[in-house]
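Next come two complexes built around subunit A: one with subunit B, the other with subunit C.
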Partner chain A sequence: MTTDVPTSLGAATVTRGRTGRGRGHRRRYQGREVAWAYAFVAPAIVLFAVMGVYTLFWGLQLSFVQWNGLTPTWLWVGLRNYTDLLWASPVFSPPVRAAALNTVWVMIAAPLLTVAISFPLALALNRARRFVGLLRSVYFVPYITTGIAVYLAWQYVLEPNGAINTLLGALGLGSLSQPQGWLGNPDTALPTLIVIMVWSAVPVATLLYLTGLQTIDPALTEAAQIDGASWWRVNLSVVWPLLRGITAVILLLNLRDALQGFQIFLIMTDGGPGDHTNVLGLQTYRLAFQSELAPTLGLASALGWMLFVAAVVVAFVNLRVTRER
Partner chain B sequence: MNRYLPRSARTYLALATILALTGAVTGCGPGGGGDSGDGKNLTMWTFKQSHVAALQKAAESFKQKTGIGVTVEAITPDDAFIARTQAAAQTRSLPDVFEVHTNGDDFTFGAAGLLEDLTEEATWTDRYLPSVAAEGTVTERYFKQSQEKGAKSAGIKLNQRFSVPLTIGTFGIVYANKERLTAAGITESPKTWEDFVAALAAVQKARPQDGGLSIGFQAPTTGMEWLMQPMAYGKLGKAGFTGLFSNDPARNWTSANGRSVLDSYNQVTPYWMPGTQTLTIDDADLAFAQGRSSFVVGGTFTLAFLSQNGMNTENIVTFPVPSPKGGAVPELSLAPFALTGLSVSATTKNKDGAVKWLEHLAQTDVASQFAKDALDIPPVDLGGDPTGNLGPVLGAMIGSFGSGADAYNPGDTTHQPPSYDAAVVARSLMELTPLKKADVPTAAAGVQKIIDGYWSGK
Partner chain C sequence: MAIRTAPAATEATAPPTAVPRRARRWPARVVLARTVIGLLLAGYAVVSLYPFLWMVSAAFKTQQEVIAGGHLVPRDPTLSTLVDTWNRLHFFDYFVNSLKVTGATTIGVVVIYSAASYAFAALHFPGRRALYRLFVALLFVPGVVTLLPVVLLENRLAILGTHLGLVLPFVNGTAPFAVLLLTNAFRAVPSELRDSARVDGAGELRIFTRVYLPLARPALVTIALLTAIPTWNEYLLTRVSLNDPATYTLPIALQALKSSQVVQYNSLMAGALIVVIPVIILFLAAQRYFVNGLTGAIKG
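Let's turn to the complex of A and B:
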């Protein structure tokens, strides 16, 4: 059955399907019916207009003003918020630059580590013949439990007298333990948070790879094996290229999280110790809500828009690179 | 299913759907909490969870007296309180009464037109201690500060009053574990900074695992404002201290004075509790209450938290952060200032009722009861023997307050540049201690660069 959908309600003319009662019959909707249609579509349009279009443009406008969110009026400053964040202000630009550097490290390390761990894990799980359901459930647990409670639990594990230092001591590796805690040492805090981000991201990535592995025609891998390819060669030269699309999705999802997510940084360190784990998402939050009522909401909005542009560029580059290969 | 409904029902259904969705997206639907009361009952927002029960108790006696009910809502942490207020300011759904940071939030909210000017209504201020009675009023100094470029309180007018005090107190109080201090051979409270460092060393030596000093460095201002600044005031005196925040290289952090203060502050570095740089203020207090540290630095408000978390208050020794030997103020004391105040929203439908509520909380018996319930210090003059009203610990703390030029007043921020954000400066200072990533000259230069930025107004 086919139906020609009217291009606009204003036309209000529809050709019914070629089968059934209305075959070949054209009718014009009555004014009342058009009104009903508008009435039922209106909530969705209002919702989109308010939640989508209005907030988008309001937020963009906010990035050009100086405001603390309280006064009835704001001060138009044009592009100054952007220039202050990027280079002009000795107060605002240094923390943004430091946060950008940390964000770049997270953007490089978190997606790559996620792929490096989840792909072999998916291969192993795909080969498992026993306890398949149990194993897949176990590896999926970090995803369904990730949240504030788990981050707080990680804090306990990572503190000076926490489980990791205790374990290292018990194994005779006390020299590797961190006397100030893994989040207290400025040199280990960011890498530790990246590891926890990877721990949270691996389950979904593994699931995506598993889904991909199960769509690969076994004949392809069997043919390679018959030709003498080793297990490593099969996976690297046959399976990995076939899963390139999934790898692109995983990289993109994790890049987006690394660029814009800040929940883990807010809860576990609040950017500390000092400023050593501050990232751009957290810096945006600080400018909006932690600046002691200073008129920095516009700066927060400007930083948010720069993050948006960066996210679009990263997504575009990522898609281009994976498509070209 | 729709075709089985009568036409009128369909009409109503469509209208109800549209209204419900429109209401939901604009946030104007009924029942959105936090809006001004119904004209009879009042709503009040506070950012102090520990004040809720005490305020509710005071509200009971207020209702008996006036028939006006008060609903108290805590919104924590501070950033959530700010975000909620920002949203309510735009939708004009503010509560009737706010608890605010005195000489801070109240001036910013007042400048934005969110608060009533209480100059005429606050007729009971003679009940407050003279040193804090005027707090919440725009004095000459605060007015001048508001006119600087980038000031958060731009728009306030001289002599406007946007709040009356609710609690008073001060920062810069060291809490020490009495038993551990005694066991380490320290029988008297340290009188100088050097004595304090020696006490830290002695307890640390006796108890390497839990003998350290905790402070909630996840809020980086704690180390700077609660520990270093009182010491710096004692070392340099008022003029020298305020000069640190100037853009004059001969007086600011990069000067000999500034480096000398940082040298002294750096002396505590070996004695921090391991991991203190990751702790929140509550975590640091909790570490002390649970015996994982032997010292904690806080304010008068810290006592309530320690007590609520099981610390035996008889096992606590408190003393103000002491002045270094040879300092400009050898006997440093701490001046009380209004920590929090009460403000009336400009959108209240019951201004008279709100003002009566503020006056009720300033009555001696109500304030005393509030203080005992909240373990916080009231601004009301309780006479010569506060111990009788508030108990020995709170009473002793009140007795230790100082006044005059020898008393450090952390609430006086008029020497700071406009739009000064202490957290940004304090994060930089953490590179010196506890993180040990910068030496004194580097840390001084880092701090000064930020302060110069604030002075430049960029």
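Let's turn to the complex of A and C:
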């Protein structure tokens, strides 16, 4: 599946031909070469068999049982874990539904905001004459440092007496400051987390757009300018459509993160205040690791598998939509 | 260092370009456009660095000053918070643990997947296409799905809580991206080089190490970076695996520091700085490879 992402993108933006694909298929296999090939892939396959296939298969099996991780036997419950999560159980389905709603918000807002910020940023960076290298490095820092260290720093500036509130006060916007802290107020917690997710996602998106911009033949944009099109017009009608493939990749990457990523939620709010920032990934984590001795491991696996299927569907739809154009 | 040069960039982008251009009678609109672009670029640079500025600031503040809040620039900067975090809070030990886990994972990824990718790109064998697709399709398996089974499996194998128990899933987790990137890089090597090396009597191992690996060096450095950086920052599996403080890596040490006490932001930010600095240095040193490799992966 993913192999198609780069190629469809390459076809859209890169004029150079693809290399190596489908070459030499008529050749017959040669014994020595085949033996060497298996020797080369063997370590990867052994590791994959144990850590990948086996765990995946086990996880799938687990999603049909009830288990607390300690008892020697599993209780086979068939599809009940799935139905319990979706609607049947009055205990397990309400938090899942609430988390799903939050996840949908993140899936809508984060990818769109990322594109809305990184596309103009890449356009500006592409036109800049000086400090391009320096700016590119600076812009990349949020991406490479993503993790608990940065999330704690954000927590620090978002505190009730933190830097953001102080800054707003100094700018005369004190009415906007959050006395409970930006993460303490149920109304601002989720939007704040989305902004931080976007902040971490903008670097890669900007880099991708910038690369795309550099492959566009300048003759195309110049021709449009000679025809009297304004800067806005050129970018919207010429550049933006040419970079559609890149936009698709950016949307896909960010949708995937929005659907499955929950580290930032676990570290910064742990789903709170109340359950206002609980998302499906975090809910899965809670069922798997934070329910003490309750037999919820099967439920956790089931929810994880539903997320997996959702991710594949999203990827498929995304690829279809971009390919039809 | 990047932090200190950023404001210089702010001042320099807009005005100097605007003034001489005007002398050449550039239309006001162009000057305006350039100013807007300069401001946009400088503004986002500040946004990018914002939490780091406060991280550095807090790490050099004393306990009293950090509680009082206030200015970005510490009133009397002190190194004692950093020294204290490094020594008394054992961040040196955690640093070594992080280095061990990150180093082992990176070496594992580069060795295992460059070999596999060479086979996918250059050799002909039954099942090549299917295996390749299987590896790449893994890109869609969410971490949450495998997290629990991996923990249960490692518990059974008695490697849960060890560094090996972290390295093995980390290496496997990088497989899709590494195979995708390295196979593409090896495919770009002209097959004529391989053919002539074979005519000269070189075996597969020799062709791989002497012809393909050197030619794919940028991709190898890229995948090493793209493995090392997330591994250095990894939090989830580490958090549910490690129990013994002696095995803690930096991110978990930070978590423990945060939950062990009333939050002292100066030592917390000093710890965060210790986590972040090596990553930034690594990135600045190898940036060229990073950017070129990432773009290469997408151009495919």
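The criterion applied here is as follows: the second predicted complex is superposed on the first by the 280 of 325 C-alpha atoms of A that agree within 3 Å, B and C clash if a C-alpha of one lies under 4 Å from a C-alpha of the other, contacts with A are read in each partner's own complex, and residues count from 1 in each chain.
Operating definition for what follows: a contact is a pair of C-beta atoms (placed from the backbone, for glycine too) under 8 Å apart; a residue touches a chain by one contact, two chains touch by 3 or more.
Owing to the predicted nature of the structure, the values given are computational and were not obtained by experimental measurement.
When both complexes are overlaid on chain A, the residue A:43 reaches subunit B and subunit C alike. Using the contact criterion defined above for the overlaid structures, shared-chain residue A:52 touches subunit C, although it does not reach subunit B. By the document's definition of touching, of the two partners only subunit B reaches A:270; subunit C does not. Using the contact criterion defined above for the overlaid structures, shared-chain residue A:191 touches neither subunit B nor subunit C, since it reaches no partner. Of the two partner chains placed by superposition, only subunit B is touched by A:68; subunit C is not.
Shared-chain residue A:180: touches subunit B; no touch with subunit C.
In the superposition on chain A, A:90 makes contact with subunit B only, while subunit C stays out of contact range. In the superposed three-chain model, the partner touching more residues of subunit A is C, compared with the other of subunit B and subunit C.
Of the two partner chains placed around the shared chain by superposition, subunit B and subunit C are both touched by A:289.
In the superposition on chain A, the residues of subunit A contacting both subunit B and subunit C are 36, 40, 43, 47, 50-51, 69, 288-289, 297.
Residues 10, 14-15, 17-18, 21-22, 25-26, 79, 82-83, 85-86, 89-90, 104-105, 108-109, 111-114, 150, 152, 155, 217-218, 220, 274-278, 419, 421-424, 427-428, 430-431, 434-435, 437, 449-450, 452-454, 456, 458 of subunit B are the ones that touch subunit A when the two sit in their complex. Per the touch definition, subunit A reaches subunit B in the complex via residues 36, 39-40, 42-43, 46-47, 50-51, 68-72, 84, 88-91, 95, 155, 159-160, 179-181, 183-184, 186, 269-276, 288-295, 297.
The touching residues of subunit C, when paired with subunit A in their complex, are 2, 5-6, 9, 12-13, 17, 33, 37-38, 40-41, 44-45, 47-52, 54-55, 58, 69-70, 72, 111-113, 115-116, 118-121, 123-126, 128, 131-133, 135-150, 152-153, 168-169, 171-172, 175-176, 179-180, 184, 187-188, 191, 204-205, 208, 229, 232-236, 240, 250-251, 254-255, 258, 265, 268-269, 271-273, 275-276, 279-280, 283-284, 287, 291, 294-295, 297-300. If you check the complex, the residues on subunit A that touch subunit C are 1-3, 6-7, 9-10, 13-14, 18-21, 23-24, 27, 29-30, 32-34, 36-38, 40-41, 43-45, 47-48, 50-52, 54-56, 58-59, 62, 69, 117, 120-121, 124-125, 127-131, 134-142, 144-150, 152-154, 156-157, 161-163, 166, 199, 203-204, 207-208, 211, 231, 246, 249, 256, 259-260, 262-263, 266-267, 281, 284-285, 288-289, 297, 300-301, 304-305, 307-308, 311-312, 315.
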